[in-house]
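Written below as structure tokens is the structure these notes are about.
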Amino acid sequence: MPTDIDKRRIVQIEEIISETPTVKTLVFKDRLSYFAKPGQFLMIWIPRIEEIPMSVMINSKEGYAAVTIRKFGVGSTALFDRKKGDLIGLRGPYGNRFILRKKYRKILIIGGGTGLVPLLRLVSFASKVKVRSTIVIGAKTKAEVFFEKVTRNIIRGNNSSLLVCTDDGSYGIKGTTVTLMGKLVRDESFDCVYTCGPELMMKAVLDISNQNSIPVQASLERYMKCGIGICGSCCLDSSLVCQDGTVFDGRQLSKMLDFGFSYRDKDGQKIHYK
Amino acid sequence: MSIDDKNYNLSVELDKIHLRNPTMLASGILGISQSIFERLYNENIGAVVTKSISVDPMKGYPNPTVIPLGCGSYLNAVGLSNPGLHAFSKELSQNKNIPIIISLVGSSEKEFSKMVKVFDSLNILGYEINLSCPHVSKMGMEVGDDPEAVSKIVSTVRMNTNKPISVKVGVGSVDVVELSRIAIDAGANMITAINTLRAMSIDVETMMPILSNRIGGLSGSAIKPIGIRCVYEISKKLQVPVIGCGGVSSWQDVIEYMIAGASAVQIGSVLGSRGPRIFNKITQDLKKYVEKKRVANISEIIGIAHRY
Amino acid sequence: MSIDDKNYNLSVELDKIHLRNPTMLASGILGISQSIFERLYNENIGAVVTKSISVDPMKGYPNPTVIPLGCGSYLNAVGLSNPGLHAFSKELSQNKNIPIIISLVGSSEKEFSKMVKVFDSLNILGYEINLSCPHVSKMGMEVGDDPEAVSKIVSTVRMNTNKPISVKVGVGSVDVVELSRIAIDAGANMITAINTLRAMSIDVETMMPILSNRIGGLSGSAIKPIGIRCVYEISKKLQVPVIGCGGVSSWQDVIEYMIAGASAVQIGSVLGSRGPRIFNKITQDLKKYVEKKRVANISEIIGIAHRY
Amino acid sequence: MPTDIDKRRIVQIEEIISETPTVKTLVFKDRLSYFAKPGQFLMIWIPRIEEIPMSVMINSKEGYAAVTIRKFGVGSTALFDRKKGDLIGLRGPYGNRFILRKKYRKILIIGGGTGLVPLLRLVSFASKVKVRSTIVIGAKTKAEVFFEKVTRNIIRGNNSSLLVCTDDGSYGIKGTTVTLMGKLVRDESFDCVYTCGPELMMKAVLDISNQNSIPVQASLERYMKCGIGICGSCCLDSSLVCQDGTVFDGRQLSKMLDFGFSYRDKDGQKIHYK
């Protein structure tokens, strides 16, 4: 039976944080989202325009949560353009979550762009249970780096480290998250790698993890209509990203033929990643 | 599959189709991926019906397209989005043993004959013609509400295939028994009843319709008593297999449909809360039921309610 | 009643009828007793619609006639049982200030004119013609599915009264907007939508239909999205007041119907779980709503969804 | 929202007790009925024949309950004729209940025919909380007396008393329950009178109680279709017997114009008690 989480809540945007010229965080009050697990997502309704899936961003205020949007097509741009006080609808949080095993002491986080959203919720949780995180934030260039300060606040006093890299070297370490990860796993040992970001990046993270026999978990994205396992638009091999995911582990990912290879468009046709 | 032997007493016959058990996937639910069909088969499903396929790919309506309403009911207006004839025949091209029924949608006889010509060479059980989608103009219900168009489309499909054909009817402005009769007379072998019912939901806070298409189709628990009634009325009047659909979420619902006259049932919305596992759960429960009731074969209960 | 002044901002106009608030009792619910009408009026109801009355008394079907289905939905086939024209006009003969609308049912123009001639001298607001009861042959839906009969009956009632007439439509085999248009053209002043939907429930254990009449009408939460859709479509096409009905159980549901285009709403099945008090509860909640939203009069929100 | 009690249960008749040639008790297992309050009733479904309201009879077995039927018309006769092992459907228990105030020490119970059913549940409850009952069972003649043994079992060891009277004096005290009640309230004092049976009897009980200023509660019957406050067939003045009753107190009863005067038939027409 559909439960509380299926009930549409209409919330007011109470705060807007500009992260980069094309990325904003919208803060709202919603108890269910506040308690979202890392990896879970909301279906965000922009009335009369679109409904799109968005990972649940953490917010420091009790009872509050947020979404961080990259301006892209019709829906995300409409959300990006909302003003303080505007109303949006939510249902969810849906999906499974990143799993942090009791025995883990040190984890590696590889995030690209808004893929950091579910990862920060994980880092925050890891911090609370005294698990050390090494967080790698990647971006093309300096102007596209965001969440640096938020991340530092989360890990403050926890012996964790944050590494920022840019493809063009305009900020932080020069290089991609993937090259940086290669170095990190050679020098240090991690109990698990967690990743979210562009699929080809995640595919590379999977490969490196497999080569180094490190457990890995990735939060994936697919086109979603229902978000609850009915419409089939999010199917990835025999999995439904909305219901079986968004988080899959290395064993599952390694068996998937479509992961890093193809996704389905709005009409359900398969498109290959270039 | 050893599952088959164990479930011998759940098997049903739909015209020339033999199913190991009466559960089927309803059209439009998870219905575009061969990998998903295989997973469902491993969950012990009787057969799958694909998403309704049209000649050309259709993007469908923008989101929101699916709304959970609570209490096991849903509203949707996906707008028949589908990958189209060619991409989909490629999708199914490697199918060997999965019992697949292709759902077809279109607005002219030509479109239907074009599709059947391509699909007929695949490893499939047969077709379901969707004449009852309540929220896409010129397709679905608008065709179903025109008895002449129904007759022509069904005859065309009949002329192009020897495989069994089911026609999916709904609660529109032609009586469901009358529409079924027309479909059977035109060559359909069986009837699927029912599709979703035209419905709407408006958000009280913003005062706006929620679905991008404003109007959509109601499915799930809310429509079960209407589906049961339609199956009862159709199976009372027509001597063809009827496939029940609408609000099935448990073995009791399957049995209720079968008692009403259904030879098999389709299951859709409940996947939103129970996932693909529901097929295995229901099949196991049905098995316990026939054993407890000492029914030699589940098909014995089909239409029993007509006695009373 | 001081309630009236306090609720000034909830008043609505239906043709010539002024209601202190938009809540009405749906026909067939507690609808045969003047004492009950008085109690409902004290619970702050806007108006009551009586049980559908026929010329002669009708015993209706044997029990079971009403089945709770869970989740706020009900199935019924009471078979239009009612005390008949004469006993009922006696029942209402002492009515002074209760805003009563009499629901009429019959199978010929003659019956309707006979009833209106008697009732018209009572202290009542007007009439609702029930053309949509889905489970009694030769009355209700069978009339509603015959456009010519609808037109004749409505004209006959029109000729015999100056009081406002609403025609109650349902989801049958004539499109709801089309049927409404025919009713309005024949002289009706407004439309009530919707009645119950033809449905059935079978007991899995005994394998028997539960209702004595086998088939009945579905009401309550299950049908709300269908009622909303009908009100939206009718109010979009026709410039007359529409009274929404089906699955209202809270102030939010009232607002949803009004946004969809209803000028008032009828409330029925929810009394099974909440009792007559629900009217006072909803009215108080509506009052809070208009105050919070700073709506000068609730009628401002009627049909707002059509803007989007 | 309809709750559990609205859900139709199909139960098997496990035992049949013949009380008189025209009265039988059918025993079945049903948890909700076992926990029924005194005054509550079930809607009993006799498949394809009828559905009729019946008070819930107590049964000594844990988890069990019963109904006691007087053979009358179509429905009650069909129920009367059920055999052991037959299936019937139930929904409920519905309605309010007799109220036994904390301060009550001694109560008077006036029952006629199957009207004893809800009263015995009350007596059983009173027994448990050490309230003394004086129970008056009335019948036309000896052959129609029943529940005597059951009642004695219930009140055993509780300093309560059972008085049986028959109109023709063929058994117990000669006279009606009403004449007997008149004597009892003159000689003893009672905290409350509880009654269920023919309406004209209950009307007389109300009058005597009022004259003697004793609180009174009566469980009434009216024609019922839905049992849950929807159809209106059970209306009695402005009350719904199924939802507001079946139990009403002296204050309410005294204001009712229809009580003891008229009821409504299956079509809703008012019929006067002769």
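So that you can tell them apart, the chains are marked A, B, C and D in the order they are listed, and the count of residues begins at 1 in each.
Convention: a contact is a pair of C-beta atoms (placed from the backbone, for glycine too) under 8 Å apart; a residue touches a chain by one contact, two chains touch by 3 or more.
Not measured: the values here are computed from a predicted model.
Trainee: By mean C-alpha coordinates, which chain is most distant from chain C?
Mentor: Taking each chain's C-alpha mean as its centre, the farthest from chain C is A.
Trainee: Just the number, please: Cα centre separation of chain C and chain D in whole Å.
Mentor: 36
Trainee: Measuring centre to centre with CA averages, how many angstrom lie between chain A and chain D?
Mentor: That gives a centre separation of 65 Å.
Trainee: Please tell me the distance, in whole Å, between the geometric centres of chain A and chain C computed from their C-alpha atoms.
Mentor: Computed value for the inter-centroid distance: 51 Å.
Trainee: Which residues does chain D have that touch at least 2 chains other than itself?
Mentor: 48
Trainee: Taking each residue of chain B in turn, which ones touch at least two of the other chains?
Mentor: Where chain B meets two or more other chains at a single residue, that happens at 69, 71-72, 208-209, 308.
Trainee: Considering only which chains touch which, how would you classify the arrangement: line, ring, star, complete or other?
Mentor: Its topology is that of a line.
Trainee: Which two-chain combinations qualify as touching?
Mentor: Those chain pairs satisfying the definition are A-B, B-C, C-D.
Trainee: What residues on chain B touch chain A, complex-wise?
Mentor: Its residues touching chain A are 28-33, 35-36, 38-39, 51, 57-60, 62-72, 74, 76, 78, 81-84, 87, 203, 205-206, 208-210, 212, 268-269, 271-273, 275-276.
Trainee: Show which residues of chain B lie in contact with chain C when the two form their complex.
Mentor: The contact residues of chain B facing chain C are 69, 71-73, 75, 171, 173-175, 197-202, 204, 207-209, 214-215, 218, 221-223, 225-226, 228-229, 232-233, 252, 255-256, 259-260, 301, 304-305, 308.
Trainee: Taking the touch rule as given, give the residues of chain A at its contact with chain B in the complex, in rising order.
Mentor: Spelled out, the residues of chain A in touch with chain B are 1-3, 6-8, 10, 43, 45, 47-52, 74-75, 87, 89, 91, 225-233, 235, 237-238, 240, 243-244, 264, 266-270.
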